[in-house]
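Here it is: the structure, laid out below.
By written order: A, B, C and D. Residues from 1 in each chain.
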Amino acid sequence: MKRRTAFLGLAIATSIALVGCTAADTGSGSTEGVGGEPVTGGTLQVLQNTDFSHLDPAQGFDGGVNNFYRLIYRTLTTQGVGEGAEGTEIVPDLATDTGTPNEDATVWTFTLKDDIFFEDGTPITSADVKFGVERSLDPSISIGSPYAKIVLYMPEDYQGFYISGPLDTIETPDEKTIVFHLNQPYADFAAVVGQAPFTPFPADDESVTTTSIDQQPIASGPYRVTEYQRGSTLVLERNEHWDASTDDVRKAYPDSFEWTFGLDGATIDERMIAGQGDDQNAIAGSVQAASIARIQTPEIQERTIQGLQGCTTYMPLNTTKPGMDDPLVRQAINLAVNKQAVKDGTGGSQLADIATTMMPPTVAGFTEFDLYPSEDFEGDPEAAKELLAEAGYPDGFEFTLDIRNNPKMQAQAEAIQQSLAQAGITVNFNLIDSATFYEVIGTTSQQHDAAITGWCPDWASGATFLPPLFEGTQIFEKGNSNVAQLNDPAVNERIAEIRAMTDVEEANAAWGALDEQIMELAPAVPLLFEKAVMVVGSNVAGAYAHAGFSGGIDYVSVGLASAE
Amino acid sequence: MSLTAPRTISIPVAGSTLLEVDHLTVTFPTSSGPVEVVKDASFRVESGDTLGIVGESGSGKSMTSLAIMGLLPRGGTATGSIRLNGHELLGRSDREMRRVRGDKVAMVFQDPLSSLNPYYTVGLQIEEAYRAHNGGSRRDARRVTIEALERVRIADASRRVDHYPHQFSGGMRQRIMIAMALCLEPDLLIADEPTTALDVTVQAQILELLADLQRETGTGMIFITHDLAVVSQVAQDVLVMKDGEQVEAGTAEQVFSNPRAAYTRALLAALPRIDDPFDELKGTSR
Amino acid sequence: MSTVPSELAVETEPKGVLPTGSAPTPARRVISTLRKSPAVVFSVCVIVFIVLLAVFAPVLAAITGWDPYEFDPTAIDSDLGGVPIGPFGGISSSHWLGVEPGNGRDILVRIAYGARVSLMIAVSATLITTTFGVVLGMVAGFFGGLADQIISRVMDFLMAFPSLIFMIALLSALPAGNRPALLVLVLSIFGWPYTARVIRGQAMSLRNSEFVEAARASGARPVKIVFREVLPNLRGTIIVLATLAVPSYIGTEAGLSFLGVGVMPPTPSWGQMISTAVGWYAVDPMFFLIPGTFLFLTVFAFTVLGDNLRRVLDAGDAA
Amino acid sequence: MAITILRRLLAAVGVLLLISLFTFMIFFWLSPDPAVQICGKTCTPERIDQIRSQLGLDLPFWQQYWQFLSGIFTGRTYGEGAAAITCAAPCLGFSFQTNESVTDMIVARMPVSVTLAVGAAALWLLAGIGGGLLSAVKQGTGWDRAVMTTALAGISLPNYFVALLLQYLLVVQLRWLPFPQSVTFTEDPLLWFQSYLMPWLVLAFGYAAMYSRIVRTNVIDTLGQNFMRTAKAKGLDAPVVLRRHALRPSLTPVVTLFGMDFAGLLGGALITETVFGLNGVGKLTADSIAKNDQPVIMGVTLLAAALVVVANILVDVTYTYLDPRVRVKSA
């Protein structure tokens, strides 16, 4: 339990970052799908900058890949379909319902549906689900969603199926029933079994090894991988053994999906805007800032979808550093940042809204407030100077900002640097390679005074948002997500109280109020709620932005208007 | 070393003028205006005779020969008149000159190594010259080539024909150049310092070879050299050039025994007199 | 003969007839010849212009009123993704070459500051590689033997290296630190053999020349011969090599910055500007055309100058 | 001859060993801990230690280096028991970020790099030799100046700039070409050609510029040779003189250059592949550097070096067959 959100933190941070830098993931929010109801058949093209992180669901952990997993994998539960809250609701998938807890929610029982098969026609049994979880706990691949590790009851040194053998605390009394024992009461466990590491794999298949799934996935969903060249193409075709009648979530309209990876962001945008040939059947991730001006024609607007990614881009301020440990300094920084300039650098009003709260509007219990207001969000350097003087820095303040070597984050950092300069605050950059950025800022000994990073909730609850970022017990030497290193007794206490709440509504409201309580301490500067703006091909239908997948187009609902 | 031999043989054909050069002037443009490298040269070569052109480097003797070949370097222009067998050569198109070159006038150059293409066998280089003018099959050309090599006394010619230039010694290479020139049976052979790059004994052999061949074929020859001693051995007539100007012209005997120009006298004075060429010359006079 | 270690590097082609050790061509004659060539006059003008731009960058900033880091939100359209307002990338009376999309920074001022960085790195690297290349090349060529063996093997090794890949890997592995200094270091490590190789060849031919023989016969110490006799004769070659090395380093620095491992933001750099402009090429082509043109003209001018210098020195040698 | 080649091979092996050692050292000391990299997002100190021992990263430098070297010839196994990962020979390493053997990754991307290199090479040889010849034969004329100015521009233009310019002009503005797509020749030959055309042009431009300069110098050099005068004096046709006597001596040295450049490209045209999104070895390198996938960077560096070194030997051997002065001992 003690590590839980630490892992989670970095994972999500990475996922938002991926969305940002690749423009290959997706967004959310228009009122209806583009082009009406899709037809069955045809090939849907997906243009993407970077390849998926992993085909192995134990390893991949970001909005884009989770969205993709739903095409080839099924889990006991999954997120719903539809816009907004409809999409983030947890619904049964392989299981007949969202599980039956015992009284204190420490033992959960699920029953599998009938007529569920792997791609080779083998029926999926409770043993296969159990094996999937056990396999995912192997240390060499358990880099995906951490919830199984956090909540399942298991021996401390359990190292997955291959090293430690079967896990006795997952029981399979018969082929259809699976019982999980947890190490704590966990009311949200239905959401946990919807996480990708709970994907079943054939328990008695010798060919399944730690690394084999990443190369040769075994499908339980409506599609199977028929061709995969890392970094260049991925082709899915129908899994004949998937039975639509067992699946209320996946529509699976196209006969096949074809991904093209490695395309430059600007090129993807240009192709989507031109919409020629096969690109009429294509979808892609959010357009780049540069392309916003080019999609303003009515023809393109008709096939444009947009919505919030459901994440917050923010600047944690390391509360343990000299100077930064003074709330007045942190408040001054909050006051001085010109969020409008940060927004412009990110792509302007179409790609981002200004954030004044830590929790994004897509999280239940979101409460709007702005503790550090300024005209047009352009910063108030004078007020900031006063606070600095009060804090004992009349001649200004200097700090080092950790940023990722990536154009968008650099643009954001430069905007911050420029606006803080007017309040007499000098910002020095510590540019970190994209590959090591999260490692550095997640290592307390290596991080500097501040950083620019992001956070997305795993499911739409404040419980997966505020504690990982600001709970004092979650500061770890490595893999730290409380980058501000905030350890405030009042905040810690309140988090514990809200966790104990059983009334969901009450808890949600409490998270909202806690957000404001935290922001009074100014451990971070909320910057933006970034949006996804996606152009789809003219023959694409049923596309909408799914709030559960960083605003990406829901793959299991999209299809073609005409299959020819 | 027979000095009389060529003379006696050349007598029957003497009298028919092979080459007449009149008022030949060669100019090159430079950044400081045109420069005349050959100024108003006039001379004749009779069939079967040898004209020696003597001068220091830069005296215009090589430019004279290149003008006859129509091979002046880029930018150079020749005026005056050059008639071969009575036909004017100046002002002809490059295409017409190509038929003259090799076929009517052949040339042997100073440095036999750099004058042969290192990438091809000597056989191929002779054959291509032969075929350019006589056509015919490769077999014929090869036969002619081997014969030509034999004529210039290359031992084992049928094997050596397939060797590359760098596999031959300097003297042998010059023999090859001569073979190349002679296989076309030209009316006029221009030898531009053919022995300068060779050591003395080889030099003698080459001179002897040229004399023999001239006797056999009756070809007229222009022999260009800076070495008066050599001229005295091969030429009937002598032309002395300095700074593009023709300072002395006449029969070898006249020039050597009674030089008119101060420059020629100076040249003669500089000759080594280990064994006095003039005595010999006198001895062989008509 | 292949002097191009990477796709990036500009050919320095040391092959051919570089001026050898005979009497050095008088500088005055070289200059007067060069002055007659329109290409050289053009190149020198471009170089002078770029140098002035670099030197007076702060003055330019003062005149235009824009500091290289200063945002101008009024010059961009926030609702259209931050695209510059106005034609040709926002060229206007206050922004003479337009602005950067997304933040409205003045492109002209950033180009000027970028020129500082580019020139500083290229010239420093040239000084270092020329010094090392000349000294090691002379030692190898003049003394031969073991020294030559060692130096030549090191040169072969460095030149067989896939240097672009390695420069990128090295730069991305090294801590951020002082980027320009690191760039100079990395460029120098892989750059000096190209100078040394040419110098070595010439030093070898000079070793047996009359005046060296004469100096040796008069009992001069080898080190003295090298610096008093050999070095002055290599002057022309060194000038040509250095002139051609500058554009090669400018190009490589820009390439590395383009790939994101060179000069780090917010420090302006031409390569980095082009890299940022990749995303905007279809919408705001001026954003890549302007720094690209400056980069091209600078490299072109130095190359033309070096080329002509070599030709004139060659001709001087032949005459 | 055989002994010369053998000696060259031995020297080449030495150079490769040195390069691998050098590369290995750099990564050993400078690079961030690969274990932390692999450990990724949800990392614990214990897990890092596990990965370190699994990868042999806890061993001393020389043992690690030896493991890497021997892996190339015998293959190697990472970890133990059921969780073991085997990497078959020739094993250039194993990428734990993608769970693939580096050799397989490179092999999978080779076709793109080869296609790119072959197409570009054909173009630049054609343009470079053609331009150089034209320039040399028409020396001093407008043609010469035009070709040489273009060549100088080609040398001075960064290829990423050319790539952007071409893409902007030909694709976005004029719409003469479609956006490059990753299709194979068999799928759609026309689209394949159109997609590769720009990368070929961009890559070929710089090389063609360089080659035309070199060919021009060589041809002018050759035209001034005495044997050219001999050929003319023989009365050969001008085209024959040029083709037979001038071309071969002028172009033989280009073979050396070409061999090295071509081999260099097989090791990946980093910038061109990245700018055009071609999934070749160069893109693999760029991606791996961005992700700091150290085994892949090692593997590619070594491969690229090996290609250049091998090309060097091949070129030398070829050269001896092309130049009789080297091939045939003088008599």
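Heads up, the rule we're going with is that contacts are C-beta pairs under 8 Å (C-beta built on N, C-alpha and C of every residue); 3 or more make two chains touch, one makes a residue touch a chain.
For reference, the UniProt names are A = ABC transporter substrate-binding protein; B = ABC transporter ATP-binding protein; D = ABC transporter permease.
As the structure is a prediction and not an experimental result, all values here were calculated from the model.
S.K.: What is the set of chains touching both chain A and chain D (ABC transporter permease)?
M.R.: Of all the chains present, those in contact with both chain A and chain D (ABC transporter permease) are C.
S.K.: Computing the C-alpha centre of each chain, which chain sits at the greatest distance from chain C?
M.R.: Centre of mass proxy via C-alpha means gives B as farthest from chain C.
S.K.: Could you state the distance in Å from the CA-based centre of chain A to that of chain B?
M.R.: 91
S.K.: How far is the middle of chain C from the middle of chain D (ABC transporter permease), if each middle is the mean of its Cα atoms, in Å?
M.R.: Comparing mean C-alpha positions, chain D (ABC transporter permease) is 23 Å from chain C.
S.K.: With chain centres taken as the means of their Cα atoms, state the distance from chain B to chain D (ABC transporter permease) in Å.
M.R.: Those two chain centres are 53 Å apart.
S.K.: Just curious, how far off is chain C from chain A if you go by their C-alpha centres, in Å?
M.R.: About 45 Å separates the centre of chain A from that of chain C.
S.K.: Provide the list of chain D (ABC transporter permease) residues touching at least two other chains, using ranges where the numbers run on.
M.R.: Counting only residues that touch two or more other chains, chain D (ABC transporter permease) contributes 32, 167, 172, 275, 290, 292.
S.K.: Send over the residues of chain C in touch with two or more other chains.
M.R.: 172, 260, 275, 278, 281-282
S.K.: Going by the touch definition at the top, which pairs of chains touch each other?
M.R.: A-C, A-D, B-D, C-D
S.K.: Residues of chain D (ABC transporter permease) touching chain B in their complex?
M.R.: 225-227, 229-238, 240, 244-245, 248-249, 252, 323-325, 328, 330-331
S.K.: Considering the complex alone, what residue numbers of chain C touch chain D (ABC transporter permease)?
M.R.: Those in contact with chain D (ABC transporter permease) are residues 1-2, 4, 7-8, 10-11, 13, 15-16, 156-157, 160-162, 164-166, 168-170, 172-174, 247, 251, 254-255, 258-261, 271, 274-275, 277-278, 281-282, 285, 288-289, 292, 295-296, 299-300, 303-304, 307.
S.K.: So in the complex, which bits of chain A are touching chain D (ABC transporter permease)?
M.R.: 3, 7-8, 10-11, 13-14, 54, 56, 61, 138-140, 142-144, 146, 149, 160, 162-163, 209-211, 214-215, 229-233, 260-264, 267, 270-271, 274, 276-277, 433-436, 438-439, 442, 477-479
S.K.: Would you pull the chain C residues touching chain A in the complex into a rising list?
M.R.: It comes out as residues 69-71, 73, 76-83, 101-104, 172, 176, 260, 264-266, 275-276, 278-284.
S.K.: What part of chain A is in contact with chain C in the complex they form?
M.R.: That would be residues 264-266, 269-270, 288-294, 296, 340-341, 343-351, 378, 405, 407, 410-411, 413-415, 417-418, 421, 429-433 of chain A.
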